[in-house]
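For reference, the structures are reproduced in the following blocks.
Same chain, two partners: chain A is paired with chain B first, then with chain C.
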Partner chain A sequence: MSIKMPMTSSSASVMESPSPAVRNTRFERDPAPSAVSARAWSLGSTLTKILGLSVFAFLLFGPLANLVLWSFAERWYAPFKLPVSYGTRYWEVVFRPTGDAMSSLMTSVGIASLTVLVALAVSVPAGYALARLRLPWRTALMILFLLPQAFPSVAIYINVARVFYSLGLTGTITGVVLVHAAHGLVYSVWISAAAFAAVDKDLELAARNIGASPLRTFFTITLPLAAPGIMASAIFVFLESLDEFTGTFFVGVPQVTTLPLLLYNASMGGNYQIASITALILLVPSILFMLVIERFLRADVLSKVGQ
Partner chain B sequence: MTGSHSAAIEVSDLQVSYGSQRVLHGVNLSVAPGEFIAILGSSGCGKTTLLRTIAGFQKASGGAIRLFGRDVVNTPPEKRGIAMMFQSYALWPHMTVLGNVGYGLRLRGVPRDEIRSRVASVLKMLNLSGLEERKVTNLSGGQRQRVALGRALAIEPEILLLDEPLSNLDAKVRIQVRSEIKALQKQLGFTAIQVTHDREEAMTMADRIVVMEAGRIAQVGSPEEVFDHPNSPFVASFMGAENTIALDVRPSGAGVEVRAAGGSATTWTGTAPVGGVTAYFRDDVASLDDPNARIEGSIVLPGTITQRTYPGGHYRYVVAIDDRHFTVTDSAYHELDRPVRLRLPLASLHLFPTEMIKGGNHA
Partner chain C sequence: MARPSFFGLLLIAPALTMIGALFLYPLGYSLAAAFTEPGGSLSLMHFQKAYELYSTDILFTLFIVIVSTILVALFSVAIAGILTLGETPWLVGALRQLYRWPLFIPFIVAAQCMRTFLAKNGLMNNALVALGVMEPIQATSFLDWRGIIITFVWKQVPFVTLMLAGAMASIDPATIEAGRNLGASRLRVLIELVLPQVAQTLLVGLVLSFVTMLSVLSVPMMVAGSQPTMLTVDMAFRINSYGDYATANALGVISYMIAGTVAWIYLRHNVKREAQA
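Take a look at the complex of A and B:
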């Protein structure tokens, strides 16, 4: 279903483009004894637009269409351009309750949820402090949370794996959650700092003024008003965790198998059907996210990111 | 005005700084219970800072604030028992009208049913009945203003601070709300301090007016006192006396002899500082006369009308005397470019020695 939506929207946009062309030619008919070249020009520009849109749509949706095709292909080998036989056998394999896919989906979702909790536990206080308190090293602190993104991740994760090994954290959910949380903190701290900064201070003062303690003010005024931004950061962290491969590979393998690892194993093993279906499952939260994010992240919050 | 123990608000030698910049330089003010005070001043004079320091949002760097004799200078805002209405209203957008107005009562552990009935009576008082479940984001400007007032009044404060409460309303609503706030204050008997930059608002609402200038109090007094007897050139021009003219005053007999450049000398029995004097006057004090008229106790200066506007009810003229221009309000119609006489009744002029003006910083 999630795949159908973008497909229809792409075909709709391709369908739409001829209609301006029709309008253009009609427009040119009236004043037009000398306008043959103009008409050719307009026709040419319309064709270019259609061509451009098609290329764009193909680049965007071609790989996705290929995934869908593969997920329903029961047999597909050279020299055939299309699958030899179709079926839902592999979907059944993936969604079998005892299958690897379901258990690694559960692992992925569990790790992502724990990661969100850990990230929020840090980013809500940190975001509030960065937004409201006069910290001497504010900019340096903000950049500190960027550091995990600033270096090549493979190099970092190999070292993290070494350290975690000595702590007995390799191959544990805890280890993977910590790696994911460190990665997700960039988004969650920056976005929640922006969300807190977007709350007008007078709104807090108004609560203090009529008798609310600072803590009460935080929980009844500041936090509810910053909640949409914090929700958005939580979704970011959740998706990043769901999608994360490198860290999980170095810290979690072989005991912890998340969906991206399953995808990797399946495609390395030449099992493109399982890989495609896993990829499609991973696509669902991203699409839900796109729908949610534009509701939760308002312009006044976005404008404060990184300030 | 009243003894320090019975004063509702007693501010003494209050100093406030933002970093190294001092904003209030030792403010002294005493407000009696039930009094309505308006703090009047141009932007940046420290009037809002004074209000926020009394509310506890801004730390004082020196001095004391006593509320009914209790020193609160180190007390956090929630323990001061003051309600404040914000210029931005600061209504909580995630709550309904009931949630906003009832917030203070909820904090005080008032039972749910009682909150409902008390909020209903506050809303009734403010003509907002039936809007309890409305989101505050779906209210008009005037309604929001009332909800903000209701939220402050719901906790039945003894002291209410109002920070430019009417500046976001359009002119017509403003005049109506002015009298409503005044009536509520009379009815409920709270002590109020209102900050405003609108002279007329301050005059019509307050029992006493505090004029502030650059972090200091320039004058405190009843509206009549401040308007009719400003104690400094700043207060005079802030209260609307924006025309200035240099005069020369000499003692003569029982009174003084006053002479303006280009005019004849006038003797006057009133009191005036002797020597070089600058007179401040409002445009409705001066009047335009027949060139031949001669009236006792007034300075009469020949000039020409260069501009005429009709703001409604009366005409406003710009009169040129030599190279100086004065605005004058007169009910009669006069032709442009005609010689007229500008009559300035000495009793209505605010006279200050010219040295004092050069010494002080004058707006």
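Take a look at the complex of A and C:
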């Protein structure tokens, strides 16, 4: 704080001067070195930046590259730095219609779709209530939905599995869907609430004024306007369910084998090709989502998340 | 409008029921299992057993999660700092495109990547040998505590950087310009001008990362096999091998307490900040 005060007063004078002048003063500050050493310095600095960026890119993509290599490696053993022979044999094994991988993919997508339905069915009303209606302890309620995510979850899941066992829900799709939905609820509730809060109230009032019932106003005005945000929350929940490992590990075994569980079993069994191909299948939606997320979550909705 | 809406409560009831049944009830169940003896009376005997068997793993877990959080903080401040204060457009542009790739990659996929990348004959050692940085004989496997930390940092840095870069972009650029014009280096501007203004965001990101890393089961299981290991693996082991819910739940309560301590530090900082404002 002590540094910021004098800065703020000087920043006012900087703001008044046009920006080229700002640039000039910064250049004058440096003592003018000879042209040769300046060029060497700038070349050295560019080389350092390129080197730094390359190391960063290697650390970032190296692990992913290794995954791709393994998925196409038919034989790869110790002294060889790269696979001994390449091929798509394991891809054929994975994508064989009767294989474990295809049935796991079906199970995973089915569970994720059901999870989205369950989560949206409870979160759209909850999100509307949190955004538009008067609720006691609203902040506490919002935090309650966050807790399953921001809590050491293993200890919760072992007890969920114990309770489910007595109800006959362990090893069933229903059990896994319930666990995934509770885990994803923070996204669906928080983002739906933000989406409803971003809808212009005047439009609803206009609809009511010309005689629409509250229910009709909700279904023809509010819900369509909030739909992109709700769509984004559905994608979040879908991905969260597709990638979920811990909950399925305790509640789903041994009957329900989702892709993450198949990956885990293959990897622990030493079958790196199957594990790598499964990992790549899981990677596709995650990376697509990273690239398109900004289109679904508009800034006006994003700014209201968690409020 | 002054009194709470009954209709609102009705709308939110199904969601609350779900949290109650699938989170609060199991939470109570785990506390009950951890604190009661077979006879039904209150006792700390399960904690004693958990401590005798797993004290090394408790320290190991704390070590891994604390070191990872510190590294995540350093890397994300560095990357967000370059994104905000960098003066080389191509470097900033490239870094902005690159850094967030691991953001939505699941932990289990990250674990499988690292399991091959960090192995003795993995791509990392092979690349270092091929570049002449290292002799083949020096190659060692990183698949132990180092592997867990590397995986956590790889996965969590993009998340914290995304939050930090957003917060840094929204601070008044005049303060940065002023600092630079007064002759402060970019590093000094970052540490003394920018960081204090985004400390709150950094703290939220780090607290969320800390708890996430504390809860992950797949990474310690797949990246580092043997002892010592993290508490999540111990809990799974107690259940799957012995059906020993009491000790597993005692370990669970210990992990709640670790997470609770961090949440408490965060809340205390928040209260202090509000008192100052």
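The rule is simple: the second predicted complex is superposed on the first by the 272 of 307 C-alpha atoms of A that agree within 3 Å, B and C clash if a C-alpha of one lies under 4 Å from a C-alpha of the other, contacts with A are read in each partner's own complex, and residues count from 1 in each chain.
By our rule, a residue touches a chain if its C-beta (ideal position, glycine included) is under 8 Å from a C-beta of that chain, and two chains touch if they have at least 3 such contacts.
The structure displayed is predicted, hence computed values, not measured ones.
Enquirer: For the three-chain model obtained by superposing on chain A, do chain B and chain C clash or fit?
Expert: fit
Enquirer: In the overlaid three-chain picture, which partner chain does A:Ile191 touch, first (chain B) or second (chain C), both, or neither?
Expert: In the superposition, A:Ile191 touches no partner, neither chain B nor chain C.
Enquirer: Using the touch definition from the top, say if A:Asn66 reaches chain B (first), chain C (second), both or neither.
Expert: Second partner only, chain C.
Enquirer: Is A:Val251 in contact with chain B, with chain C, with both, or with neither (first, second, both, neither)?
Expert: After superposing on A, A:Val251 lies clear of both chain B and chain C.
Enquirer: May I ask you to decide whether A:Ala226 touches chain B, chain C, both, or neither, giving the answer as first, second, both or neither?
Expert: After superposition on chain A, A:Ala226 lies in contact with neither partner.
Enquirer: Touch test for A:Lys81: chain B only (first), chain C only (second), both, or neither?
Expert: The second partner, chain C, only.
Enquirer: Report for A:Pro260: first if it touches chain B alone, second if chain C alone, otherwise both or neither.
Expert: second
Enquirer: Is A:Ala212 in contact with chain B, with chain C, with both, or with neither (first, second, both, neither)?
Expert: first
Enquirer: Of the two partners chain B and chain C, which one touches more residues belonging to chain A?
Expert: Residues of chain A touched, chain B against chain C: more for C.
Enquirer: Pick one for A:Val177: touches chain B only (first), chain C only (second), both, or neither.
Expert: Touch status of A:Val177: no partner.
Enquirer: Determine, under the contact definition given at the top, whether A:Ile235 touches first (chain B), second (chain C), both, or neither.
Expert: neither
Enquirer: Aligned on chain A, what is the least Cα gap between chain B and chain C? Give it in whole Å.
Expert: It is 7 Å, taken between the nearest C-alpha atoms.
Enquirer: Intersection of chain A residues contacting chain B with those contacting chain C?
Expert: In the superposed arrangement, which is not itself an observed complex, chain A uses no residue for both chain B and chain C.
Enquirer: Touching chain B in the complex: which residues of chain A?
Expert: Interface residues on the chain A side: 200, 202-203, 205-214, 216, 220-221, 224-225.
Enquirer: Where on chain C is chain A touching in the complex?
Expert: By the definition above, chain C touches chain A via 1-5, 7-9, 11-12, 14-16, 18-19, 22-23, 25-27, 29-30, 33, 88, 91, 94-95, 98-117, 121-124, 126-127, 129-130, 154, 172, 174-175, 177-183, 192-193, 196, 208, 211, 214-218, 221-222, 231-232, 235-236, 239, 245, 248-249, 251-253, 255-256, 258-259.
Enquirer: For a test of understanding, state which residues of chain A touch chain C in their complex under the given definition.
Expert: Its residues touching chain C are 1, 3-4, 7-8, 10-12, 14-15, 22, 25-26, 29, 46, 49, 53, 56-67, 69-70, 78-79, 81-82, 121-123, 125-126, 128-130, 133-136, 141, 144-145, 147-148, 150-163, 178-179, 181-182, 185, 189, 239, 243, 245-246, 249-250, 260, 263-264, 267-268, 272, 275-276, 279, 282-283, 286-287, 289-290.
Enquirer: In their shared complex, at which residues does chain B touch chain A?
Expert: Interface residues on chain B, with respect to chain A: 55-57, 76-78, 82-84, 86, 88, 90-94, 103-104, 107-108, 151-152, 155.
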